[in-house]
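The letters A, B, C and D name the chains in turn, as written, and every chain counts its residues from 1.
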Amino acid sequence: MRERFANGFDPFVIPFLIGMAFVLGYCIVAMIRVYFQLPKPDRKRFLVSLVTPRTAWKNIKDIFLNCLIHVKLWKRNKVLGYMHSSIAFGWFMIIVLGHLEVMLFVPERIHLFYYPIFFNYFVAETEQTLPGSLLMFLMDFFLLIILSGIVLAIIKRFASRIVGMRRTTRLSLMDRVGLYSLWAIFPLRLLAESFTAHISGGSFLTIPANWIFRQFLGNDLHALPTWWAYSIALCVFMCVLPFTRYMHIPAEMLLIPMRNAGIKIRHPRKGFALLEVYSCPACGVCIDACPMGVRKANCKDATVYLNRQLRRGNERRIAEISDKCLLCGKCSAVCQVGVEGPELRVAQRERRKYALTPDYGMIDAASLSQHLSDLPFCGPETAPVEGSVLYFAGCMTHLTPAIRRATTSLLDKAGLSWKMMDPDGGLCCGRPLMMAGRSETAQELIKKNVEIIRASGCNTLLLSCPICYKVFKEEYPLQGIRVVHHSVFFQELIAAGKLQVQHEDGLRLVWHDPCELGRGCGIYEQPRQALSAAADLVEAGRHHAESICCGGSLGSLSLGFEQRRPMTQNALKDLTVADPDQIVTGCPLCLATFSRYADRPVHDIAEILDGRS
Amino acid sequence: MIYQGKQKIWADYQKEIPDDHWFYVRSCIRQNFFPASEKYFLVICRDMLGRDIFETEHHTTCAGIAYHCDTIPQETAMTVVARQFALMTEAGYENFVTSCITSFGNYCEILETWREFPELEAKIREDLWKACRREFNKPKYIAHASDLVYKFRGEIAERAKYRLVARATGEPLRIVEHIGCHYAKMFPHKGVGGAEYPCVLSGMAEAWGGQVIDYPERRHCCGYGFRQYHIKANRGYSLSNTHKKFESMEPFHPDMIITNCPGCPYFLDRWQYVISEMTGKTYGQNGYGIPALTYEELAGLVLGIDPWDLGFQMHQVAIEPLLDKIGIPYDPARKYLGVDEKKIKTPGLPTTLKCC
Amino acid sequence: MVNRQPVISIIGAGIAGLEAARQLSALGYKPVLIEKAPVVGGHVAEWNRLFPDMSPSEDLTGPLRAQTAGVRTLLNTEVASINRLKDEYNLILSDGSSLLCQAVLFATGFHLFDASKKEEYGYGIYDRVITNRDLEAWFNHKDDRRIDHPKAVGFVHCVGSRDVKAGNAQCSKVCCITAIKEAIEIKEEFPDAEVYCFYMDLRLFGKKYEDFYIKAQRDYGIHFIRGRVSEVGEAVDGRVVVKAEDTLNGKPIKVTLDLLVLMAGIVCNPDAQHYAREIGVAVDDDGFLKSRNNVDAITESSRPGVFFAGSCTGAKTVPETLAEARSAALAIHQYLNKPR
Amino acid sequence: MDFGYQINPSSAVNLDQVDRRRYDALVRLSPDAATCMGCGSCSATCTSSAWSGMSVRKVLLGLQRGRDAEVNRMLSACMLCGKCTMVCPRGINTRQLILTLCRLDKNGEVVR
């Protein structure tokens, strides 16, 4: 290899250099800004994590696997996985290989930013070496990989169903500019390299292409303009990058270490929230995942659009999207970069100002505690013992008395000592307030409820409502008291032989994973095991973390009754793909919501178990 | 306001009032509040119009106040009333006229009760016999004294010295009529004009040249309400009722209020002082109040009887601006002279309400 | 099918009478319509639009009139008296003639309650107090000086209905929905007006009625106040001051209105009572004519040959009246063809 | 002068004078609020009512009758549990209604 130009420079690299300088400068400033927007303890925690070997290694691994290989996407959709990783990893490899070439052949030029990118323009092949040929081969190979990815991307853009997406994101103008420049980069590179392949050498892609072009293009006059075009495409892409979804490329590289450091959203618009917003690649996976998507009008309320509106600062739309969401968490579950859609929305809700502040001063927790202590236990014991159960039905269970009756009946059958915390209705657990963005207010209720729970003397708190369960488990200071959802509790009793459940052959049940229980608390298997003891279990079309929200969620503030109906009906359609006899769930709200439109019986898991024990 | 509509209703509620020969019973309280009213009723009917009105010193209260204050049962009131009827029967009269609206309501109520429950009437007859060896016939006609004045309104108008018009402009005076609740609200057909649009007072006012104004709270009680006033803890309630009426009539700028009940003119008159003391507000012109007159006082005025003989010095609200407006002469010096023409004490003056 | 052409007299040429005449003509009879008014169509012809489709009443009465044009119709004619003969009835008409008929159909309809009897509401006394009939007339002719760009309008439901003191303890059935219909129409005419409906119960039993109610609430912002108006007074500017108890709030309520519409109820036509007594047809204790029973023989009287259609037996909606008229026509047909 | 009694304010609600701005703003923001028919399901099921007398029905009525203090007291007691939304036969999103009301100042303006 020899250099074609003594000064190692040609003006066509200038656009590339401008783009590079701009994007680097922008990203560095942005990263520093995000860092300083973090609260102080978070900043410290982040720095510590960077130097902790375990997290540092995890950071590298996660960045490699997620940003380059897109493993999550592979798991979800092979075509999309290939498309994204081909472009990301291929490009990454081209850059790496370019540097290797420079280091191998013209090591003195390694300090020039543009050299590895435009290597083939600046060198002429003098002799074919094995490393050289190998590198050339790899360069062409990865270019081919990228081009295949680009072809898929183009197909996806115009016919998303072919690549397995029902809907794809509607791109903004800047996104389009970024997209087309990105699409343009690699064909241009192929052209540019092909035009100069008879000088610089090439491999299986560029050499034949060079031969073909030379058959009808008599001279090399078009080579330089093509390199110019390649450089300009790069420049355009890098210059628009901060204003497009491609900002996710640098943002995600900061997001991963920050998340690994355990940092959470503390401010609706700053710091980690900002980073999540910029990390959104606008891939649109969340659009299909969103249960609201059954109504076409709600497609624009998916997390991807929240992120876009947050970047634009469109307050009206931010409020609208934030309030509408059911907070089912499915967008988070499917998101490749882990943008926390629900948390982002709740953070926006928390920001809201109110003219009225809640005041629960009139609720006398002491007298409620006294009342509860005076309430006799059901079961063998008269006083609280190890294993005494305090059953909190919660607001919603009071609207579904079948759950309450089945749960208490099962407690009796298991021979436990129990009492009910809210036989005549109690305080709300506080979770609905939190969902509405009023966490501080919820603390007041939490304090009162803790006082009441402590007064009972029980060390197991049983919940039949996952909404309550999540908040009791995560937000309540209840050290020494086991907080358990009834589906888990009864599964354990069955496993321990304390509850005898008879299997009804031929009865086919489907389990609906309630959002708060499944994605919210990670409980998927225990209810299935318990139900398997009672009947045959079939699965819904989407289940476990992919389960579809019933549409009744308290998470949504603004969805009206009629707007929720198609969501419920869609969830029901998915639940009944295997034609189960009955639908079983573990949430009173899901139960009430499904019962409204279901064409077959809907039961709580406690009812099923109680009926067969 | 569609005047013909009212006339139509009045036509539906005309009651038969015999022209002559009445047995008259007085009110318990009017002689204290408006001492000349009953006297001039008799003077006008007997001396001026030549009617036979009989009264006896043996009659008592009708027990209406005690009944409405829940201090006696209705049977007691019935026996008292039966005695009044016995006096009428003994005097040879069949037409019974009462000075008091509550009495009128009480008599009507008792007669209606007896009509519905004849056994009760029999029992009362027996009780009356046991108590005072008296027997009675039920009156053939029962009327309130204002019914008679209403009936005689034309004759009075013919004899009138003054008309209820402003002397300066010739405009009719704007008159608020206030009917006692017990006049027709219980038995609309027993009142002239019914319960909703009674014309017993408005008929007089119009016959004598005035213009009646209808204001939204026209039907409302004066506020007396017996228990509401008599128990001091409830007295604010009584006052508030009256206040509501004044607030409602204020935009109509009435020149006077005429009433046919013992309590109403008293409360409509005296509460104006109390309201002025409490709120600083007066409802008449130039800091004066709105004079509240009984129908007898009004009849006396148009017939030219001296205002001080009619007892206007007993009113809280000064009558003088009204007299000036109509053009009735009066001698201010005579206002506080007693029957023997010696000066009686002059009352203290309110802080806000202008009184002379 | 019919041996001798029988005579069927229909008293009243409102929609019940017209529809029955139309059906009987179709069955081959020659009914006689007797109408005391100079025109046919009855109350419905005076109404502007009909709930729940807001169709012009002319859409109903126009075709009915046209299709009964061939029926012998005696306008400006009252029935002076009726005599019952063996199997026949002799009607003496106000023009002195008589009509011997084999069947009599009472389609005598209702009387609108005389709102001035509720003296406390001041109909006929206060300028701004009108009735539902006045309002419909205004919708038809837009000629009523009392309705002049009102800013606040009230509707009083149950005027002379469900009121023993007014002599009618029954529900007039159609006033709730009529009030809502008229309230919406007022809002359409005067979008800036505040409209209040004072009701005791909202009885919106019919098809689409509840939708009307929701529309009135949500789309027209009509205020519904549960409480009966106790009294109406006139303010110094001639507007009316309405007092009621807001029973859901447990407090008295007062509002000044530019227009108060009284939903006068439906009471029986006194003429019908008079005729019924003459021929020994029972009158119910609600004042309406008494059907043989109120389940499956609404159109039949206690006397053979005497039939009922429409609101002579109680308050009816238009579709009910039409259905009864058809049913009565069929009942008459069966009666006349019964072997005896 | 102290008479030992006073003019009591009228218990009657004068609709001519009631300030309905907050209610008007509410129905502008969520028109379904106007469809309340006063059935009382919300009050009967309310988690908070045992302590506060909270009732969405009364809130809506109170707003139209100028009972601001009572309305605010009730609204402050709401725990947003959503039971009222579950039972409302007219499908009114009562929870959103409450949150919307809490955001309105006494002039019916959204606080910022």
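By our rule, contacts are C-beta pairs under 8 Å (C-beta built on N, C-alpha and C of every residue); 3 or more make two chains touch, one makes a residue touch a chain.
Everything numeric in this text was worked out from a predicted model, so none of it was measured.
Between subunit B and subunit D, the least number of touch steps comes to 1. Chain centres were defined as the mean of their Cα atoms; on that basis the chain farthest from subunit C turns out to be A.
Compare each chain's C-alpha centroid with the centroid of every protein C-alpha atom shown, and the nearest one belongs to D.
When chain pairs are compared by contacting C-beta pairs, A-D ranks highest.
Centre-to-centre separation between subunit A and subunit C, using Cα means, comes to 66 Å. Here the CA centre of subunit A is 86 Å from the CA centre of subunit B.
Chain centres here are Cα means. That of subunit B falls 46 Å from that of subunit C. For the pair subunit A and subunit D, the distance between C-alpha centroids works out to 39 Å. Within subunit D, the positions touching two or more other chains are listed as 10, 32.
Considering their complex, residues 116, 119-120, 122-127, 231, 233-236, 238, 241 of subunit C touch subunit B.
Partner subunit A is touched in their complex by these residues of subunit D: 32, 45, 47-48, 50-52, 72, 75-83, 85-88, 91-93, 95-96, 99, 101-106, 111-112.
Within the complex formed with subunit D, the subunit B residues making contact are 232-233, 235-237, 239-240, 243-244, 274-275, 277-279, 351.
Looking at the complex, you find that subunit D touches subunit C at residues 10-16, 27, 31-32, 34-38, 57, 61-62, 64-65, 67, 90. Within the complex, the subunit B residues that touch subunit C are 1-2, 5-6, 8-9, 194-197, 214-219, 248, 251-252.
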